[in-house]
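I'd like to ask you about the structure that follows.
When the chains are written out, they are named A, B, C and D in that same order, and each has its own residue count from 1.
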């Protein structure tokens, strides 16, 4: 346990070294310095995992904020949930660090990149280790910062910078909700410690309406996990280097929202209407993401939207209070989505930064490893048994089936879409003949070992990840469920699934049929998506993401800009300041009037004196003279 | 006795500089300010155990005493003042102002005035320094300022003076109610006396006091002097104004308004905090579209101070503690940011955000420090800004949910304008005027790097300061709870 | 009251007050209406004489010499004033060949 | 009180010295005389007594007033250079003598206990002033000023005298003490109407002397027309004496008539503040601006007078002292700069001719700034405390409107005083170094440092009373 504090500390050190020595340090050393910390952290977490006695532990590190009755310590909490998150973060993190050594080798900002990655890992670990909502909030905002830094990593391009700012600001909107939630918690419980709060909730001594708190916290989750309406930043976030997309915008950060909800399940369980809301938001997001994903031609954009929709699934699971299922999906998704991104990265690397699948094709011969791993990833995400994705998604669907059939059926549609567009991308990228330029053609090559190795490892997990929570019918023992049980309410776990029933069959069909369709359309027919110009009708609207960005621009960005100028030029200068200046002007004017009295003529002066005397005498004597 | 030293020492050196005009003014003033810092640190170390005080008859026939003291509250502020001035002086290194003995002398004189205001235990002594501090800063701004400086600095002078005159008469009013034959203006006596006043008396007095401080801070709608003045003043003047001087306003509210007029706060406090919150949003929104970087920072400072005053007016311990901490953080962050702009202006001769860009390619250290300072000012956790804003927002939220949420929007808008500033200046394509941007000199690093470190330390170890001020604040709250 | 001479006692004090007040007001009117410096000055002298008369009256009624002593002082001082005043007027006449107070309005806002 | 005799004799002596000695030596001699008389005056400190057949009454208050007056005269004399346009045609000895005589008059005014003495003192002062105002014989402005001052002054004297007479008629005495007790003893009903008429007329006479609105019209013109050195004298000595006398009158014999005279004073004080400050904003000539500022300061003093507190005397004293110090420096700088600028610009006394003064003459600029700040009542200077005492006096009466007005007015005051500061520091101009005689330098710095000292540590004076 004593080594626990090393887990976040090491990445921080890596960040410090790489960050301070950035321009000078040679790349190889920087790469190693950057990769060691997550690796060691992973080892430590593993050791933590292996000899964990099932007892949640609080480790106070130091006092942080201490004002009056309010005490917010730096404290870490070790329990089943955080340990698993540790493993995912450090594990996937390590792989992606390794991958980045190869991927970023040509980049000038190599050292800086690793510094940022380490910083991200640090904050992510703080997020999951924190023993109270405020420490969680540190990580919460910290990962936001890192995603900002990494999205805008190639900072010469203004569009990238805009994407980065968009991400940060949208997260901030969510964070405000989260902060309000924290304030409410403090108001009610006088603290933000998990244990105090949850025990209080369980024992039922609270005064305020918990659902408001839960709702505020969920707003934070919306921002962080890119749910409607705060999801538009995630696709833009693909501006960052691909490893970043894999680590931050697929595997870890975006799942923070789910982590938080699971962490606070005691709270959410007691506010069912919020849970309901969560479920529907998740569903809407899942469908929207999947729909948009159908027609995207940028390989990373497709993956981004699929991430959005997968996150939607996780929230749906939470909505059905199938916490285990959601968390299961978090983990498997971490594997296969990271895999897919890294594969895409490897493709992009080979295509010398070409991302449009219409320019690709026939890569399977040129880069076999990437091809195979990517295929496995695709199958996994499509939910085809017995791959990881199948089990996790199936659990969510199963729980939905019992929770709310309407949701369930819509979710099935979503998963059908998913499987379609994933295979579309897969086929268009690796089959058919090459559609790129000559230059790209003879530049094509398989990626170096540093990149392929992580692909292979992740591929293994994507295939076998299902074992973590293998259901009984598949001969498993639902390890995850048992592991997490102490933290979770006794939820009606999905019973035995009968593959011949609707409940069991529909998901399978939804996985297989679209896949075949995609293979037919793009594989056999060799049809290629049309150029942007030719896109039209409903497809065009979807292709342009339902014009949601434009909508937000019109609703928020433009009005605020206008307001800003209006306040500045109108209110400040024409109203307030004019009044202030006006006073001065008035005095000047009065003065120029007053001075006229000074005519320089003695006669008038004397007259004024006499008049004044008369007035004085009259006023002060009228009482005595006049009766 | 130490207090007398830390009060008068800068003035001593400053006037020496003004009179004898030595060649190496920079070294002298920097040394002086550092000695001052050391002495202050010593005093604070003493004050951490129990308040240090000094008193001598000043105008005994009127019951006015030259009495100074350092408790948890004033300690934070003299600490701030003593800490920032060396940095501010250091920012003049290698410029034509470095050995300009007049400039340096005025800055040191300013430090004495500020120290005095924070140290004063006698209300009139406070007023005395409160006003006196206007003179050096006025001359700094009006001699070394930018275009149209006369009108702007003059407006600033008259405006603030006008406000503080109301403070003066209100003060005289309370002072004359203190037990005679020799009245007293000792803060505690004033607390006692003011408690006895009727609600509407307190209302008027609250208005008069708050007006003065509101203009100083400034609070909406008394702010129109501020952006102009910040923009036109020389960088160091702006740092003094925004880093330390506006804290006299917030300090005044904590020290006088809250404990003296609880009933007044009860009646008018909400109105005042609404104004402050309006200021937060108003300032942030204006900052979003600013073209001049300095003016943008001016408005951001306006927004931040609005949150402070709202938090203070909530009267809760979190509010006051948060305000104290935020004064410290804001001082550090804002002078750092102003210095960054100053550096850019020195090299490119321009503050037009639109004309800048790509600076990070020429100066990595500048970018890093700038980003850290900005993060501090957008209150990212583990930076000093977060502690203050967290406590302040909480206090406002506890006082009034709606206000709290509206005030909370600042964390969004703050990110909007700050990130815009970073993006347009540091990142993006290199522009014509940034194409030959020179990296930071040693002196510039020597200012920016320590400040950035302070930003982080402040975010990680707030308890040192909070613990220092806690007892005094508790005591203060006893006066009006 | 014995010491007050018969002749004075026949006229009540109020008459003296009335008279001198009238004189005084005439003086004021003169000051206000005339533009010639000399005349204005004479009017002022008239005011002083009104004062003198009143003082004399009071002092004789109260049989208190102080009033009459005051009269002498006033006369003496008035003489001094006349000297200075005439000097000033002459000086001005030398410079602008006029003593019309209306002409003198170089000094004004 | 022996100082009046001493000064009179010395003045005459001065006239004779004029035949043999040069101006500088006479100036030195005059300073010496004044110093001596100040010593004589100071000797009576804490010996409250009556002089010369109970006609004078020296108290610490009166003594300190006469000290202030002589101090002012001392400074004025040390500022004095040539009189009028050219040295050789003017006879400095006479002017110095007249100055001494007028000082005697002023001292009479502050320590009289008998109305005749008061009248005599007032007239000595006034007649001397008429002469000095017109002393620049060939200058039309000076002539005009002299005539205006003379006509209006003697008119005011007439009114004052009438008032005195009426009071005499009502109380049968010229002794303040007797008047006081007569008024105090006789019941309101049986006091003749013309008593209060008399009182009011006397007050009007005073208000003229201290140039309170609407009796202030002479002030700007006379101040502007008169040679600056004498303007300096007028604005300090005459004002101080006037206020001292007025205070003595109102609180001594007429103390029990408070109800009669307080309202006129109260309203007139506000009117004076208004007129003085507002009109000053417009002025282009520094000298004229200072004239209006002296009017507005009269307003502040009247406020404290109307409050009639125990502390009023010390307030008036402190205020007069701070005002005197500041005004002397201000007019002194105006004099020097105007002298330098005559011939260079057509309006040597305007703000425009002060532009860029600080470049070559930092010392001069500094003193000027301090004096203006003190007049504006900014902390660190004596003026601030003056205002502070005024406010606390009036507050003690629980009267607030004049204070509000005074506050606003002093903010306006800052506006016009800073016009000067802005001109000398922040405007471009080409004024070379102005060489100052040692005495002038001494007087200027003495006043400036005095102002600062009083500003930082007011109790050294305030605690005297």
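FYI, contacts are C-beta pairs under 8 Å (C-beta built on N, C-alpha and C of every residue); 3 or more make two chains touch, one makes a residue touch a chain.
No experiment lies behind these values; they were computed from the predicted model shown.
Of all chains in the assembly, those touching chain A and also chain C are D. For chain D, the chain with the farthest CA centroid is A. Centroids built from CA atoms put chain D at 43 Å from chain B.
Mean C-alpha positions place chain A and chain D at a centre distance of 78 Å. In this assembly, the C-alpha centroid of chain C lies 27 Å from the C-alpha centroid of chain D. Centroids of chain A and chain B (each the mean of its C-alpha atoms) stand 37 Å apart. Residue positions of chain C touching 2 or more other chains: 31, 101, 104-109. Along chain B, residues 158 each make contact with two or more other chains. In chain A, the residues touching two or more other chains are 584, 595, 598, 600, 602, 606. Screening every pair of chains for touch gives A-B, A-C, A-D, B-D, C-D.
Chain contact summary for the complex, chain C toward chain D: residues 17, 24, 27, 31, 37, 40-41, 44, 47-48, 50-51, 54-55, 58, 62, 64, 66-67, 69-70, 73-74, 77, 80-81, 84-85, 87-89, 91-92, 95-96, 101, 104-109. By the touch rule above, chain A contacts chain D in their complex via residues 584, 587-588, 590-592, 594-595, 597-598, 600, 602, 604-606, 608-609, 611-613, 616-617, 619-621, 624-625.
The touching residues of chain A, counted against chain B in their complex, run 19, 22-23, 63-68, 70, 134, 137-138, 140-142, 145, 148, 152, 155-158, 161-162, 165, 168-169, 172-173, 175-176, 179-180, 183, 186-187, 560-561, 563-565, 567-568, 571-572, 576-577, 580-581, 584.
By the touch criterion stated above, chain B contacts chain A in their complex at residues 155, 158-159, 221, 223-225, 227, 282, 285-290, 316-318, 321-322, 358, 360-361, 364, 368, 375, 380-382, 387, 390-391, 393-394, 397-398, 404-405, 408-409, 411-412, 415-416, 419-420, 423, 426-429, 460, 462-463, 466-467, 470, 474. Chain D contributes residues 147-148, 151-152, 155-156, 159, 193, 196-197, 200-201, 204, 208, 214-215, 217-218, 220-221, 260, 263-264, 275, 278-283, 412, 415 to its touches with chain A in the complex.
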